[in-house]
Structure formats: C-alpha cells, structure tokens
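We just call them A, B and C in the order they show up, numbering each chain from 1.
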Amino acid sequence: MFHWLEQRPFFFAVMLFLTVAFAGFIEIVPDFSKASQPLVGKKPSTVLQLAGRQVYIKDSCNACHSQLIRPFKAETDRYGMYSLSGEYAYDRPFLWGSKRTGPDLHRVGNYRTTEWHENHMMNPPAVVPGSIMPKYPHMFTNLADLATAYANASTQKAVFGVPYDQKGMPKLGTWKEAKAQALEDAKKIASEMKNQSVKDMVAAGKVPEIVALIAYLNSLK
Amino acid sequence: MQSNAQLEYDYSVVKLFTFATILFGIIGMTIGVIIAFQLAFPELSNLAGEYGTFSRLRPLHTNGVAFGFTLSGIFATWYYVGQRTLKMSLKESKFLMTVAKLHFWLYFITILLAVVTLILGYTTSKEYAELEWPLDLLVVVWWVLWGVSMFGMIGLRRERAIYVSIWYYMSSFLAVAMLYLFNNMEVPTFFWSGDAPSSLMHSISMYSGTNDALVQWWYGHNAVAFVFTTPIIAIIYYFLPKESGQPIFSYKLSVLAFWGLMFVYLWAGGHHLLYSTVPDWMQTMGSAMSVVLILPSWGSAINMLLTMKGEWQQLQTSPLIKFMILASTFYMLSTIEGPIQAIKSVNAIAHFTDWIPGHVHDGTLGWVGFMIIASLYHMAPRIYKRELYSKKLMDTQFWLQTTGIVLYFTSMWIAGITQGMMWRAYDDYGSLLYSFIDTVEVLHPYYTLRGIGGLFYLIGFFMFAFNMYKTATSGRVLDKEPANASPMA
Amino acid sequence: MKKMVIGGIILIVVLMAATFFIAGDAFQGDDYINALTMLGALAIISITVATALKYVNQIKNDTATGELADESWDGIGEFKNPIPSGWGIIFIGTIIWMFWYFFIGYPTNQFSQIGQYNDEVNEYNAKFKDKWKNPSKETLQAMGESTFLVQCAPCHGVDAEGIDGKAQDLTHRISKKQVLYTIKNGQHYLNYAMGAMPPLMAQGADAEAIATYVAGGLKGEAPAAFAACASCHGPDGKGMNGMAPNLKEYDETLVKHILENGKKGAIGTMPSFKGRLNETQQKAVAAFLSSIKAE
C-alpha cells in the first residue's frame, strides 16, 4: 500500500494530511467550550490594566515569567492558590509562559505593591540583590498605548461577547469616557508612587507605561 | 512524466537560500550568545536601552534561528534535493522558476520585517508565533508559494515513486500550513477601535486562556516537529547516503518510521501543559504518546547509522560524515530526553527550568545546526562547481562546535535539575528552603559556561561562513560534478 | 572501540555525579519526584550512549549487505532489509504500555491532579501538626527565619533592615517619621479590637515629643502628652494586652494583625499575607522578629 501511495503524490498528500490532522480534533474539540467558561465573579481587565498587559507582552516578560501555578505544595506555598482554568477566560492571548527564569507572577498582586514594583522595575538588583532581571527605566518615560488597549477591550466586547458595560463589570463606554476612566485609575496608582516625573506626567494627562504595567501587575490575584 | 533528457539543474534559488541561511544563522546565533551572556551578566541587558534587554532579544533569537536560519536551510535543500530526486529542473518551467524566486524574495523580506518589528516590540507573545498579523499574512503567501513549487515540481518529475526525503518535505509543508493557520487566528483590534487612534498592528487571539494554550502547544510542539525534525530528516535521508555513496539500510524501516512519526507526533503536544489547567485526560494522552514517540524518531536515526555500516574509514576521514553521524546521535539524545521530560513526575521538576532550553539545544545545535551545515557543505562544490576551500578548517569547526554543544547541554542539564529541585525543597521546619533569588544566584556559573559553549558554536559558525565564502569565490574549479564524497582541499 | 566505550561510561558517570553533587543539597530522599527525575536523567544519558555505541560498533566492524530495491534516486539506492527486530519489538511494547498507562495507570476517569495535590497537602499538614505540637523558642526562631527569608526578604531585605527605607526596618520597632505620620493621619488597617485610631490626637510640639519618645523605644520619662496615647496603647505602650498595637516591640499579636490585614503607612504598603502562613508559622515569624531586635 505504501509503495502504491509513493507513486501517487496526490493521494499520498491526502493520506498524510488526514494522519496528521486527526489528533488535533480529538484533543482540542471535546473540552473547548467548557474550557472557555469564566470563573464566577471573574471580571475582565480595565483599559488601564489592558494597556499594562500590552506592555508586559511588548517587553516579553513572559520570556522569563510564568503565570501558571501548578498544583504542588511547593508552588502554592511560594505563589498562592493553584491556577484555575476559569481565571484565564478573558486572557487573549494566554500568558502562561514556558520558562521561569524569574518567579511566577500569576498572583503577584497579592504579595507585592505599587511602590515595590516602582523600585523594582527601575532597578531590580537594588531591591533584590543578585537579581538578573533587566532594568526597565524606559517604562518611566514611554507612554502607554491607551487607544490600543481600548480597541482591545472593545474588540473583546464586540467579537467575543466579553461582558464589559454590564452590571458589576468594568465600564468601557466611548473612547473619551474610557480614556478619562483610565486616567482616573492611573492617578490612583501614581499617588502611591514616588517618581516625580511620573506623577507630573499623569497629572498632565499622560500615562507612562510603568503606571499601566503596575495596574496590570496589581490586578494579578 | 517527462522524457529522460540530459538534465541541467538550476541552482540560482538554492544559492539565494544558502546565502540567507548563513546570514540569518549569524544574526540568530549572535543574538543567542548575547542573551546567554545576559543571564550570566545582567548588566549586558541594558546596553541598548529598551531594544537590548534580554526579553526583547529572546524572541528575536528564536525567530531568527527557527524561521531565518532553519527555514532557509530547509528551502535551500528543498530546491536542491527536490530537483535531483524528482529528476526535473527548474529550467524546464518558467512558471515554477518565477514562483521559486518570488518565494525567496517574499520570504527574505518577511524575515527582515520580523527582525524590525520584534525589536520594536510588536509581538503576540505566543512562542514561535510571535509575528503580528500583517506578517502572518505574508508568511501565508510564501508558504503557499512553497507548496506550489513543491507540487509543481512533483508534477514534472521523471521518477515514478517519490523518495523518502520528499515525503518528509511534504509533511512539513502540510502540517505547518494547518498548524500555523489555526494558531495564528487573530482578530486585528483596529477595526473595533471606534475613534480611538489605536495601532494597526495589534491583534488578539481568537482563543482565550486554556484554549489558547491548547492550540498554542498543539502548534508549538509540532512546529518543533515539522520545522526542526521532519525537514531535517528529509535532509539527512538525502545527504548522508549521497555523500557516503551507501544505499539506505532499510526501506521498510523508512516507511514505518515515517508513518509512525506522522501519526504519533501530533498527539504529544500536551506534554507542554502538564499540571496546567487543561483537562487531565489530555495531559495523560500527551505524556503517554511522547514515550511512544521515541521509537519512530529513533527509527530514522538508526536507519542512518546502519546505512554507514562498515564505513568507519569515511567517518575518520570526512568531516562531513562526522557532522552527519553526530547529528543523528544528537537527534537520538533529544528524542529520548524529550519523552522522559514528558513523564508527569519528571516534568514536575523539568518544566519551567533550564533543562528545557538544554533539551532544545541538543536538538537545535546538534541535530538541526549540524545537518544544515553539512548539507550546505555538500551542496557547495555542486552549486559553485568548486572544491571545498579547507578540510582542516571544517575539522576544527567540527570539534569546536561539538565542544560547544557539550558545554551547553551539560551546563543546562545540571542547572535545570538543580533549579527544579531547589524550588521544591523544604527545610526541617516544613518551610520552603530557598527563596527564589537563591535559585537564581546558584545558576551563575552554569549560565557562564553555557555562554562560553554558545560562543564556541558561534565561532565555529563563522568558520563555516568563511569556508563557504572562500569555496564560492576561490575554491579550485571542478570540471566534473563529484558523484559522492565532496572534494575538499 | 574500547576507548569509546570507556569514554561513554565516563560521560555518564561524570554527568550523573555532577548533577547529584550540585543538586544534592536539594535532593531530599522523601520526595519521590526527585528520585524519579534522577532516574530519568540516568536513563536518558545511558540509553543514548549505549545505543550509539552499539551502532558505532557496527559501523566499525560490520559490512553493509542486503538486496537492493529497483529504484534509485539521484544515485541513492535502498536495501530491502527487514526492520531491526529490537526496534520493532520495543515499538510494539511502548504502544501496549501506552494503552496500559491510559486505561490502567492513569485512568482518565479516576486520576485527578487536584486530588493528588489535596493528598499531598493533607499528608504534609498531618506531619507538620504532629511534629510541631509544642515547638521550643529556638525552633520557632529558626522556622521564622526560614519563612522570613522566602516570604518577606524581597521587601524587608535579608538583613530585615528594610532595604534603605523601602520597607519597614524590622530590627527597630518604629521611626519618628512613622509615629508623626500616624499621629497626623490615624491608622485603620490593622483591625484591632479598639477599632481605628483617630487622626490628630496630638499636634505641634506635643506630637514631636511623643514621636521622639516612642521612636526611642519608650525609655525614660514619658512626655505629658503621651497620656493621650496611653489611653489606648497603655501607659507602657504595649497595647493593653492586644487591644491596640504594641508600640514597643513586635509582639505576636501585632505580627498576626499585620500578616492578616497588611497596612498602609508612612513608608508605603505592606501586603496582607492572609492564608499564606499557618498559625505556627505566624508565631514563628514573630519569634524571629523579636530575636533580631537591635539595641
């Protein structure tokens, strides 16, 4: 049979494709809809948090940090409760990572604070001697892209039915409203920070990346 | 099928892809060495502002070597092996010639754009699928072009049955097409931005959370399979028997290993998600299928080693054969290492540690890198019609790079196991024994060693580039194509 | 060949010995995951080396034989040799094993990783409780130190001195600046029985004097204005048996309140550690803090 196929490349290709495609359907399809259910009470991210998430993605923090706490005692002692599928239901893309050059961050919002992140992102070894994490001073001057974060949220709402603007859920509204809200949120973060130029920028209506990133990190709980 | 006229093969596209292989190899591996040293000496992360941090450069490395270096090597050998084993020449079809050229140039431009956009921070973050949607579309175009050239060339063949290498190239084309499409289903957010001045480049994944992870690693594992494995098997199935002049040890083994691999590979992706939030049964399946995968993988490697039965003197005298035999051995190493790391209890330690990059580079440096280097060396005298410039340099390169790989894999093996065990360790009082930073600091010597190993490999690659350049420009001109053993000075 | 065999054995032994030597610290006999990993590592290297050597031996000493197939591609021929029987048998073996694994070893309807986790935690808790029923002071201090180094040191520093003012210096109870801040703003995070502390209990020179006195460790004569504080914190500043915070030292009650609630103060925010440390560990951290008091 194989030799027969080898002389008929078209059928060979068809057989080959079927052989290869088969497994995907069996593994991915059965639990697909179950796995997309959000945990009860889970809220989608605010625009400011999404902007921070985008900073996290842009700078590939996932190259060093996972966001997946496995069900082992050693991990739950270090990072908190193991991760649940429903907690990720609004994550597009998922950010589990595949390497822990640095610690897991899935619940870092529980045990680190705005001030800590501010110091740490500026100069990690000054806070954790021996750290090999890069410094990210550019985040204190680069501006976060709130507009794209808004586009992200409204795409989630429009295309995937993510419950923005519903009772008890984050409000999105128009771009103007969303921007005002994001700035409001940014002010709260900035008020806990020490860096004067960041405070000045936020007061002037601009949101540096670091503020958005911290809003995101604080939301990881 | 066509008549059996005297064939003159056309190597112009082969030459273009050969050039790209060397160029992207240098870029990708230089960045590899830089990021390796950045983990040992973190100050190196902040020499070029936001563009030089480990995190910006790492995707550049993986994309550079996988989609720059490796794919170029695959395409270069495809246009060479394809023509020769199908017995057709690109000269015979203007259409296919144009498709091939277009394939190259679109591909080349895409990789250059990939370098620029990744440095600027445009990424979707999914490993090995980082490129944003406009680039994805470009990728689809030249992937289709490759398919057109492949099936077009097969259509014009003079051999009735297609050779093993062609099976494997075909599997790469088909599987990657399917995987890439599904994993890169992205929605550009620009179209829902209202009046917000949002970025045109940005997109979000069609799947969320656990499902996104599932699709990603169904893709990711098999991107490894159909970029780092099957096309490289295609390469070894042509170049080892060709260079050595030995017939393939067993056709039956070729067939069983091929269909076995095709069937089993796709099931194993779950081993990237062990102890995650994907359902238990999927994880179990991924784990079990990974172990089964050892045999079809080893089948090809064994077939190659047995092809060299009785040819010890070739192994001693030809650096080219040495590259290929060691490559098979590293292929065996990484395809038993992977399955064992896929066992749940072992993965509990290995996952997230440096043992995984260690496993990765056994395969990529020892298997992918060596095979691509060897195939380019074999093609050089035939496409440039010149003798290989220096055998001595090849030999030095071989030993230098081999030392480099051994340093890389031993250091990461030890680093990974150490790190994994430290994360789990408890003291007598029932508290975690190590803070996270303890487990970082202990790795410093291994990160340094890995960097040195990588540097050896990179220097070897520069020797290779130099040797190829000299071959093309000033090697002794050959009047006749060598049948087997490549001539070298 | 002999040289290669010896080389292979050396490689295996060196790699495994190095791994054991370096990861040995963390290698605990009672964690079967560690043992399985080491076994897996050994299998990887020894099976690969042994198989490679077997075929190198054939490259060296065998000759290629077999019946050639009719086809040849660009001059490449193929023997019609049978598949190596070892390979075939092991392949079938792994497939059988796979079915066993899937239906019997980790049967899909029975195995659950969360179940496995619950067992692990229960076993640990039972062992922990049993072992530390009545811990001595030294034990608590040592336990507290190890907890501190993992959980608290990232903010308070390994020396507990607060990394240049980024967090509380835990070798001292409280600084003047903090007392002034609390007097001015009150404090309500800690959730003491007394409720919140109101702001502006004292002002100007009075506040100054109180702060100096409290930051100095409540030594010597208390300033008259301290009476305002004593009503809640007690004349000795020790918090009247847990009604309000102890201003003199980190006692167990204070540490428990802090870990439970976190707080926001003059320096910044201390996160809550609710649910992350068990009763004994909280006691242990308190014991550790009292052992590192600077004079």
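As a working rule, a residue touches a chain if its C-beta (ideal position, glycine included) is under 8 Å from a C-beta of that chain, and two chains touch if they have at least 3 such contacts.
Note that this is a predicted model, so its numbers are computed, not measured.
Visitor: Using only Cα atoms to place each chain's centre, name the chain farthest from chain C.
Guide: The chain farthest from chain C, judged by C-alpha centres, is B.
Visitor: Higher C-beta contact count, B-C or A-C?
Guide: By number of C-beta pairs in contact, B-C is the larger.
Visitor: Quick check: how many Å separate the C-alpha centres of chain A and chain B?
Guide: Each chain's C-alpha centroid was found; their separation is 29 Å.
Visitor: Please tell me the distance, in whole Å, between the geometric centres of chain B and chain C computed from their C-alpha atoms.
Guide: That gives a centre separation of 36 Å.
Visitor: Distance between chain A and chain C based on Cα centroids, please, to the nearest Å.
Guide: 24
Visitor: Residue numbers in chain A touching 2 or more other chains?
Guide: Residues 71-72, 77-78, 128-129.
Visitor: Hunt down the residues of chain B that sit against at least two other chains at once, touch-wise.
Guide: 160-161, 275, 285, 348, 424-426, 431-432, 436-437
Visitor: Could you pull out the residues of chain C that touch at least 2 other chains?
Guide: 113, 124, 150, 154
Visitor: Considering only the defined contacts, which chain A positions touch chain B in the complex?
Guide: 2-3, 6-7, 9, 12-13, 16-17, 19-24, 27-28, 31-32, 35-36, 54, 57-64, 66, 68, 70-72, 74-75, 77-78, 83-85, 87-103, 125, 128-136, 138, 142, 145-148, 150-152, 154-156, 158-160, 174-175, 178-179
Visitor: State the interface residues of chain B toward chain A in the complex, per the touch definition above.
Guide: 38-39, 42, 45-46, 49-50, 53-56, 58-59, 121-127, 151, 154, 160-162, 166-167, 170-171, 174-175, 178, 182, 187, 189-199, 202, 204-216, 218, 255, 259, 262-263, 265-267, 269-270, 272, 275-279, 282, 285-286, 348, 351-354, 356-357, 423-426, 431-432, 436-437, 440-441
Visitor: Flag every residue of chain C that touches chain A in the complex, lowest number first.
Guide: Going by the criterion above, the answer is residues 113-114, 116-117, 120-121, 124, 150-151, 154-155, 158, 163, 166-167, 268-273, 276.
Visitor: For the complex, which residues does chain C have touching chain B?
Guide: Residues in contact with chain B: 15, 18-19, 22-23, 25-28, 31-34, 36-38, 40-41, 43-44, 47-48, 51-52, 55-56, 58-64, 66, 68-69, 71, 73-84, 87-88, 90-91, 94-95, 97-98, 101-102, 106, 108, 111-113, 124, 127-128, 131-132, 139, 142-143, 146-147, 149-150, 153-154, 281, 284.
Visitor: Please give the residue numbers of chain B that touch chain C in the complex, ascending.
Guide: Where chain B meets chain C, its residues are 84-85, 87, 159-161, 163, 238, 241-242, 246-254, 256, 260, 275, 280-281, 283-285, 287-289, 291-292, 294-296, 298-299, 302, 305-312, 315, 325, 329, 332-333, 336-337, 340-341, 343-346, 348-350, 410, 413-414, 417-418, 420-422, 424-427, 429-437, 483-484.
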